[in-house]
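Chain IDs A, B and C follow the sequence of writing; residue 1 opens each chain.
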C-alpha cells in the first residue's frame, strides 16, 4: 500500500547553512502522525518542504506515491494535501462564512468561474454550512474573521484546512497559545474531522501528542532521530536525552 | 567609428554611474524600509534646482555642499512627518504617499522656477576640454562627474563593508525584518537612511544639472528609467543595481548615436506601400527608439528572469 | 503590500444583504444618471456629466485591480488609450465602408481592444504582485506611450487621430451630434458597466480576487493559483477601461497619445483612491470629485494641480480609505443613533480647519503670483475678500492663518477624536458594530 507521505534523504540548505539533513519520514495512509522536536529543529521547514513552500536541495518527497518535490503549493494542494499555519492565516477581512466558502470553491469545481453568482450555488452553501457546523462556528458566521477570539481563529484555520476535502491534512501547532479547555476542544475537533484521513501534526503540547498520535517522529537538528509508536518514543533513550526530559506539559 | 565607440563608452559609463548614484539610494531605502520611494527622482531634481539657485547666488562649489544637505534635511522631514505616519497603513499607502509627493514636488518646482530649462552653467574652473580623442574634445566637467561618482561609489562600498551602520544596512538588504528586532533606534536609523539616500540623489542632481538639462520635467523623464534599473537588477540587490545601471546607461547612450534602421540595412520599402505600421517600424532609427529601450529590456528580463538579474528577495 | 487594501472591509460591507437599502441605492444611482441632465440643463453641465461618466467607468475598472485584487497599477491608461484608438479607427472604418454599426456599439470595440491587450500583456505583468507589479505597470505604460509616438500611422503622432461620431448610421433617429445624446450613451454604458462589474464581485472569481488581495499565501493552500486569479482580474479591468476609452474618443472625437500616458494613469489612480478603494461606489464618488476639481479649480487658480497633489497626500496620510470610507465610517453611529454625539465636535473643528486651509491657499497663491511675475497686479479672491498678492498684510494674514490655524485646528481635532470614541463605544453597546 502506498504511503501517504514519504520523504527520502531530503536535504535543505539555505546558502551554506544546512537546515535539514538526510531526512527520512514515512506516514502511512490514515495514520495520525506527530512530529515533535526542540525549537529550531526544522519542523516548520519540514512542513514547508512537504507543502511546496520551499524546494528541497536534494532528496525525494512523495505524496500518495507521486513525486511532489519542486511542485508549487497550489499544485500540491490539488493533489490532496492541505495544511494550516503556525501563525493564524485566515482572510481577516472576510466573514467566517466567506472564509470557509472560499476554501470550498475549488473542490466543488467552480474554479475561476466569473459567470455564476456565488450566492446561488446550493452545493457550495451546503458544504460551507456543514463545515461551519463541524467547527462550531455557525453562530459566528457573519463576523469578520479578524474579530474572532484567538481560539476561534485557530478553529477557523482548521476548518479552512479541511474544507477542501483533502485526504492528507497537515496542522502546524494547532493548539499553540490555547488554554487547557480550548486545547481539549480543539483536539476533539481534530480527531473528529480527520477521521479516515491522514494527519500530520507538529505540536509542543505532549498531552496532545500522546493522546492523538498513532506514530511519532522526533526531529532534532534537521534529522529524524527516532520514529515509532508513542510507547516506543517514550522509552527511547536518545529521545529522552535530546528532548523529552526537558519538556513539561 | 572607433572614436564613436570610445566616446559613447565614456558617456555610457558616466550615465550609468549617475543612474547608480540614484538607484543605490533607492535600493537601500527600499531594502531597509520596504518602501519604494517614488519621489526619488524628484529629490534628484530638487538637487539640480537647488544647485542651480545656490550657484547663482554663491557659486557652484558651495552648491555642491549645501544643496545635498538641504535636500537630505527635506528627506528626513518627509520620513519623520510623512512616511512614519503612513507606515501603519502598509506599503501601498507609503508608495502612494511618495507618488503624491513626486507629483507635488514637480508642481512646486514648476511654480517657482517655471517650465523652461534653467541656465545652469558648468563652473568656470572645469570649463575646458580634458583631452582630445581623435577629433572630439571631451569636456573636463564630465571627467569631474565621473570622478565624483566613483568617489561616492567607493565611499559607499567602504561604509557598507567596514562600518557598523554598513553592516546593519547589508543585513537589511536581505533580511529587513531582522533589523527591527535588533534593538536599534529604528526610527532614527530610518530617518538617517532616507536622508542619506535623498542626499545622494541630490548630489547626482547638482552635478548632472549643468551637463544634462535642468528642467521641471527631469524627474518625470528619469523616474521610470530608475525603476526599470532596479527591477532589472533585482529589487534589493546593490550589485544588481550597479550592473543594471551600467547596462542601461551604455545601451541608451550607444543607441542614441546609432542611426541604423531596418531601412538602412535592407533598403527602403516599395513606395507604393502607403504609411502604415509596417513603414513606421521599417523606417524608425535606433536613435529614435533609444528612449524606450530600457522598457524593452524590462519586458525581456521579466519574461526570462522575473526576479531580475541578481534578485534575491521576494516582495 | 496588502495591509492598506486588506484592512478595508470587503467592498460589499458585510454579507450581501439584499435589503431595501441595497436596491434603493442602485435605484437612486440609475435615477440620478437619467435625471441629472434634465435638472441641470446647460451645455456645460452636460459636458461635465459626460466627463464624470467616462471617469467613473474608468475608475471602477481600476478598482477591480486595486481595491478588489490588491494590484496597484501605474499604467492602467494603456488599456483606456488603446480602447480609444481602436474605437476611433473603428468609427472611421465604419463611416468609410458604410458598415451598419450604429454608435452605441462602438464602446464594445474599445472594450475588446482593452481585453485583447490585457490578455497579451497581462500574463507577464501579473507574475509578481505588490511593488514589482507596480513598477512593471509603470514600465509597460511608458513603453506603450513612447511607442505611440513612433508608430505614427496608427497613433497619429502628437496630433492623434480624429473622427466624426455623426458619420455613423443613426439609431432610432439619434445621430449623437448633440452633447445630451452623447451623455445618455455614456450614462447607458455607465449603468451597464457598473452592474457588470458589481456582478463580477459576486462570482467565485470575484470572491477569490478578494482572497488574493487579503492573503495570497493562503489562497495557494485552498487550491488556487494566485497568478491566474490576478491575470483574469487584469483582463476584466482592461476590458472595462477600453470601454471608457472608447466613450472618451466618442465624446472628444479624437484619440491621442495623452490617453495612454502616465498623466492619465495618475489621474485614474487619484480618482479611485480619493473616492475610496474599499467600497464599490468609492471610485464613482472619486470620479465625481476629481472631475469637478479638474474643471472648476483650473478656472480659479493657475496652480490647481498642486492643490490636487496636496489633497491626495492628505487623503493618503489621514484618510487612506478615501471619501467613501469617511462616509461609511459613520454608518454604525447613524444606525445606533449616536451621531449627534460627534456633530458638535465637528462643528467646532470646521472653523479653524477652514481658516488653516485659507492660510495655506493664500501662501501658495502669493508664491505663485511672485514666481509668475504677476505679483504687482494679482488679486486673490478668497470668499469674495480680495487679497493683494504684493501687500505685506496679505503675507501676514497668510502666516497667521496657516500657523495659528494649524495649532488651533489640531486641538479641535483631538476633541473630534474623543467625541468619536465616545460615540463608537455607545454604538457598540447598543449592538451596532458596522
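Keep in mind that, in the parts below, a contact is a pair of C-beta atoms (placed from the backbone, for glycine too) under 8 Å apart; a residue touches a chain by one contact, two chains touch by 3 or more.
Since we're looking at a predicted model, the values are computed, not measured.
Visitor: Please identify each chain that touches chain B as well as chain C.
Guide: Intersection of chain B and chain C contact lists gives nothing.
Visitor: Farthest chain from chain C, comparing Cα centres?
Guide: If we average the C-alpha coordinates per chain, A ends up farthest from chain C.
Visitor: What chain sits nearest the middle when you go by CA atom centres?
Guide: Given all protein C-alpha atoms shown, the central chain works out to be C.
Visitor: By number of C-beta pairs in contact, which two chains lead?
Guide: Top-ranked chain pair by contact count is B-C.
Visitor: I'd like to verify one number: the distance from the centre of chain B to the centre of chain C, where each centre is the average of its C-alpha atoms, in whole angstrom.
Guide: Taking the mean C-alpha position of each chain, the two centres sit 31 Å apart.
Visitor: How many angstrom lie between the CA centroids of chain A and chain B, rounded to a whole number?
Guide: Spacing between the chain centres: roughly 47 Å.
Visitor: So how far apart, in whole Å, are chain A and chain C when each is placed at the average of its C-alpha atoms?
Guide: That gives a centre separation of 43 Å.
Visitor: Can you list the chain A residues in contact with two or more other chains?
Guide: In chain A, no residue touches at least two other chains, as defined above.
Visitor: Can you pull out the residues of chain C that are in contact with at least two other chains?
Guide: Correct list: 7.
Visitor: So in the complex, the part of chain B that touches chain C is made up of which residues?
Guide: Within the complex, chain B touches chain C at residues 30, 36, 82, 85-86, 89-93, 95-97, 99-101, 103-104, 107-108, 111-114, 220, 224, 227-228, 230-231, 235, 275-277, 279-281, 284, 288-289, 291-292, 294-296, 298-299, 302-303, 306, 315.
Visitor: Quick one: in the complex, what on chain A touches chain C?
Guide: 51, 72-74, 77-78, 82-83, 85, 89-95, 97-98, 101-103, 105-107, 110-119, 142, 144, 160-161, 163-164
Visitor: Spell out the residues on chain C that touch chain B in their complex, using ranges where they run on.
Guide: 1-5, 7, 70, 72, 74, 124, 127-132, 134-136, 138-140, 142-143, 146-147, 150-154, 262, 266, 269, 273, 303, 305-306, 308-310, 312-313, 316-317, 320, 364, 367-368, 371
Visitor: Can you list the residues on chain C that touch chain A in the complex?
Guide: 6-10, 14-16, 199-200, 202-208, 210-211, 214-215, 217-226, 228-229, 232, 236
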